[in-house]
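Before anything else, here is the set of structures, which you'll find just below.
Shared between the two complexes below is chain A, which has chain B as its partner in the first and chain C in the second.
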Partner chain A sequence: MVKTQISKIQLFMLLLGFLFGSTVIMTPTVGAKNDGWLAILVGGAAGILLMGVYSAIALLNPSKTLVDILMERLGKVAGNILAVLYIWYFIHLASLVFRDFGEFICTVTFPETPMIVVIGLFAVVLLYAVNSGIEVLGRLSELLVPIIPIVIFIIGLSLISVHDFTAFLPILENGITPVLKAALSFLTFPFGETVAFLMVFPHLNKKEKLKKVVFLSAGIIILAGTVIFFRDISVLGSDLMARATFIPHLTSLLIPGLNVEPLVDINLLIGGGIKISVCIYAASKALCQIVGIDDYRTMTGAITTFCVVLSIWVHESTLDLFSWSEKVWPYYSIPFQIVIPLLLLLLSLRRSKSSNKKEKSLKG
Partner chain B sequence: MNNIMIIVLAVFAVLIVYDLQKFIKKKVTAKVYVLYVCFMAASLTISLLLAAGRRPSPPSRWIEAIFKMIGVLE
Partner chain C sequence: MILRNIKKRTIIVLVAIVLIFPLMLTGCWNNRDLTEMNIVVGIGLDRTEDGKVLLTVQIVEPASVQSVPSGKDNKGNAQSKAVFVVSHEGETVFEAVRGILSTIDKKMFLSSSRVLIFGERLLQGDLEEVLDFFHRDHEMDYGMDILAAKDTTPREILAMETDMDSIPAVYIRETIENTVARGTVKKTTLVELIKDLESGTRQLTIGKITKASEKEVRTEGVAVLKDGKLVGWLDPYETRGYLFAIGKVQSAIVNVPTDNGKISIEIIRTNGKVGVVFENGEPSTLTIKVEIEANVGEYAGKGKLKSQDDLHVLEETLKEEIKKEIMMALEKTQKEYSSDIFGFGIYVRKYHAKYWKKVKKNWNDIFSKLPVDIQVDAKIMRTGIIKSTMSGDE
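Moving on, here comes the complex of A and B:
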């Protein structure tokens, strides 16, 4: 039974913060070069459908978390195995976002500070937020997430004098394949990662608003992604964009007579912080549900420590992190983000149809 | 044992003492202790190996190797 509840606005802000996440410094559609906007639209459309699948699963299984749904639909053994795999996935995702944050801060803002110190201090703050509960995370995102679009707007507006509005042309210069590959990257990062919200959706106080909240947040991310892409490509050009490590940061450096670099840090701090918090919350809660522990807070400390260590261990360098995220992550995510949720949706639909039939026959 | 390893041990000691205090106050079940020890032992082992400059093969490489083995990646 879920006691704690969050409002639709809090869930909307949590979703927005999660989707912005590390997308504010890393551009998943960079592989499509000047057709990145097409990849954003194609990947975004698929992302909306995927998030629709997650919300449909949540609505067909009201007040049930991902672990409950897995156990109920797939049985205890298969359900437990998949739940453990999902816990690993959430921990891995949190550690990757930690690493993105650490790489960015240590490359751009504090080059002399060891990465483990940056990540460790960030982890302490996030652990406090996660231990405060999902309502606090919701209220925190309500307060902080509106800053992200404001920063995007400020940077975009400041660069209005240095734009080349034809930089995205010609369209489909390299064919459709790079666009589709980049669209898959954009689908799995960030849309598919919202599978972690199957542990949060049961906390929504008005379940009937879930689909609206999910679609609206996905729509805003697509819009923001397109705006950011056109801003970056019209300022940097496709060649420089393909070579840059942190594209939005490089764009922010080009504003004449104004230093807005810390605003990009703030964006990452907010978006990345919410994403990591939701992942740690989801992993702790799932673990506690599997082994039958009442309070998820007992495991957050250990899981956060493991995430921090994993974030340092998992990749040797920035290039390794970027190359792995581009080449392996989309395929690695497919079972967790697409295959298993689709299977759960089919099983949930079958179950609801058969229970409807039973109800009708009882009435008849 | 180098300085970094000593710092790692000190940080883990602080974390474990802080969490154990809470566990004793809350009177948690044995399951919590077992899981906690598993996670912290894994974290400490990896941290000490990293501090000693002996980086074990990371999970990202295992995942990549699996995908190469089944032909998803070239």
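Moving on, here comes the complex of A and C:
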């Protein structure tokens, strides 16, 4: 197999696109209402730490994918079981993003188009992208991801006349609990989901830059999240914000004399597309490693189809999707995003220490 | 040979695929051409006597708008009307929107609607019920202007033929836009209504529309609502006082009496802020702070503006005049309507969140009993291109 490599900029853009993903239309911190910005900061700080854990795992196990690491650290049986669970998790994540995308398009843009058509057409394009390889995905995001912050900037600027800058007051109106809950949501969606990148990190050509890339992208997302939050609340006010289905979309509707609604669609297409591609790539790659197939492309078609079907099946309606991703998703994700990676980090640290000792004793 | 054959076949397949793609790119599933839609420019909502929703729409006929006035349309008939007006009853708004299709030919396109006019009877009931559709539907323009019809029905207003513009809804909207220069009607957009309706921190006001004559409407004054129900109206001067207080006046003409005549002052810039002073955890006074920049626009009388002192005197009277208008509006909303349209509640919620939680339910009663402190800061900058009146020089 040819060794595929991506540059640090490409990885950075991939991460950025992944983190923006469906976050640009679904606001995970909506439960905290006025204090969403606090939730973003708290959840973001935790998110940076979590992504630090992932990159530390990748650095301690150079050029090994998640599956290799699991096998090596936990033994064949447990490693295989966990790897299969992870594959399920990536597939589930991809299908959720598909569903977010489909729900959004069907709610605001094409209400009479069947969702399966929207999702299916999107899936065909993404399958093509994934099959072209991770390098192409990297170059693609290099090209497209910069559009997202530009759009956010344009929307924010055109709304400057309708801003009410004190709308985020009062602070902590409903106490600290909703803030912490929302922070957990924000930690698991999108930061924790970057666990899928453990399948991508080995492709980075300069390993020493990994930490920098990870932290920078997470920092930018926190900044963008805060900016988006203040933009939305100062335009919509907290009550309307709590009621909206897709908050950034509603905000974009309010620009006087201008219709920039499609720009939000574009953001979702780019971010969601990259997120789904990475998930499908990670799932196919992992599956191939377990069963011992060389080329991950043999699996992508099957997995994408499965994702599309799952995305239609898994939820009954928009409300189901929303309440599920708000109430169940964070807890469901914790083992995959936090518990297992932390375990892997500990095991990797111990192993590397003991191997250091061995080396020393050998030298001595 | 075989290789070449395969190549040929792939090319044919590729071309076929490329030819199929454009079919998918033609637009959305339920694509409709302009000619297959009825373009709605104005919506009126009212209640019938038995409590049903009465929907009236003003639909524009694009072909007639283009042709010259009093001309003939392309079939050689006499000029047809640019708009037609249809009404329909329904249990809910959406039912009426769809039900109207039994009387008109094509499906309605609602995004282009410029104005939404509520009838008095509808406003006396619960506004929330009918507003939900406009909030939920993805086709609605959130910037649409909202008006309340007084002494007339939305249908009468929408059915009015005007000479100003071939589309009456556009004419109505333009008159509201003019409020920028006069400050006597509040421009209320759909989104503002939605924002304030449920928060309970500010009661709603909706611009008032009346029939001025057979061919003209008048948009002046506002309707005052309390918890989504109509409680009364403010006249143009009270409206202006109200708008001064919340900082929504952009320009206006205020008449100031002087010793020998009247001076019309043109307000060019204003800024208004409301607040509440708290003492021992309880609200003690409402505060309204208004800053004004103005020019002298007209001196109807025999007088002279000689020095800075004259202007200072004038500023003082202007302040009093504006204070009076604000006071009029405030007293009426406090004493008669007991409805916090100024948004003092927003201030309390933002800066005294704990107290607000306690009194949320009966804030309007508390608001009605509080004394008020109005501070107006007026500055007269210029006197126009002449200094004194024509007969002013002795």
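Here, the second predicted complex is superposed on the first by the 362 of 364 C-alpha atoms of A that agree within 3 Å, B and C clash if a C-alpha of one lies under 4 Å from a C-alpha of the other, contacts with A are read in each partner's own complex, and residues count from 1 in each chain.
We adopt the following convention: a residue touches a chain if its C-beta (ideal position, glycine included) is under 8 Å from a C-beta of that chain, and two chains touch if they have at least 3 such contacts.
Just so you know, these numbers come straight off a predicted model, no measurement behind them.
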Review point. Fit or clash for chain B plus chain C once both are placed on chain A?
Key: fit
Practice item. Using the touch definition from the top, say if A:I293 reaches chain B (first), chain C (second), both or neither. Key: first
Check your understanding: In the superposed arrangement, which partner chain does A:E316 touch: chain B (first), chain C (second), both, or neither?
Key -> first
Review point. After lining up the shared chain so the two structures overlap, which partner does A:F153 touch, if you call chain B first and chain C second: first, second, both or neither?
Key: neither
**Study point:** chain B versus chain C as contact partner of A:L240, first or second or both or neither
**Key:** second
Practice item. With the two complexes superposed on chain A, say which partner A:F306 touches: chain B (first), chain C (second), both, or neither. Key: first
Review point. Counting only touches as set out at the top, which of chain B and chain C does A:K327 meet: first, second, both, neither?
Key: first
Check your understanding: What is the contact status of A:Y128 with respect to chain B (first) and chain C (second): first, second, both, or neither?
Key -> neither
Revision key, fill the gap. Shortest distance over all C-alpha pairs of chain B and chain C after overlay on A, integer Å, is 13
Review point. Where on chain A is chain B touching in the complex?
Key: 92, 120, 287, 291-293, 295, 298-299, 301-303, 305-306, 308-310, 312-316, 320, 324, 327-328, 331-332
Check your understanding: Which part of chain C faces chain A closely enough to touch in the complex?
Key -> 24, 28-30, 138, 142-143, 191, 194-195, 198-199, 349-353, 356-357
**Study point:** Touch list for chain A against partner chain C, complex
**Key:** 107-114, 117, 121, 166, 169-170, 173, 236-240, 243, 253-254, 256-257
Practice item. Provide the residue numbers of chain B that touch chain A in the complex, in ascending order. Key: 11-12, 15, 18-19, 22-23, 26, 28-29, 31-32, 35-36, 39-40, 42-43, 46-47, 50, 55-56, 58-60, 63-64, 67, 72-73
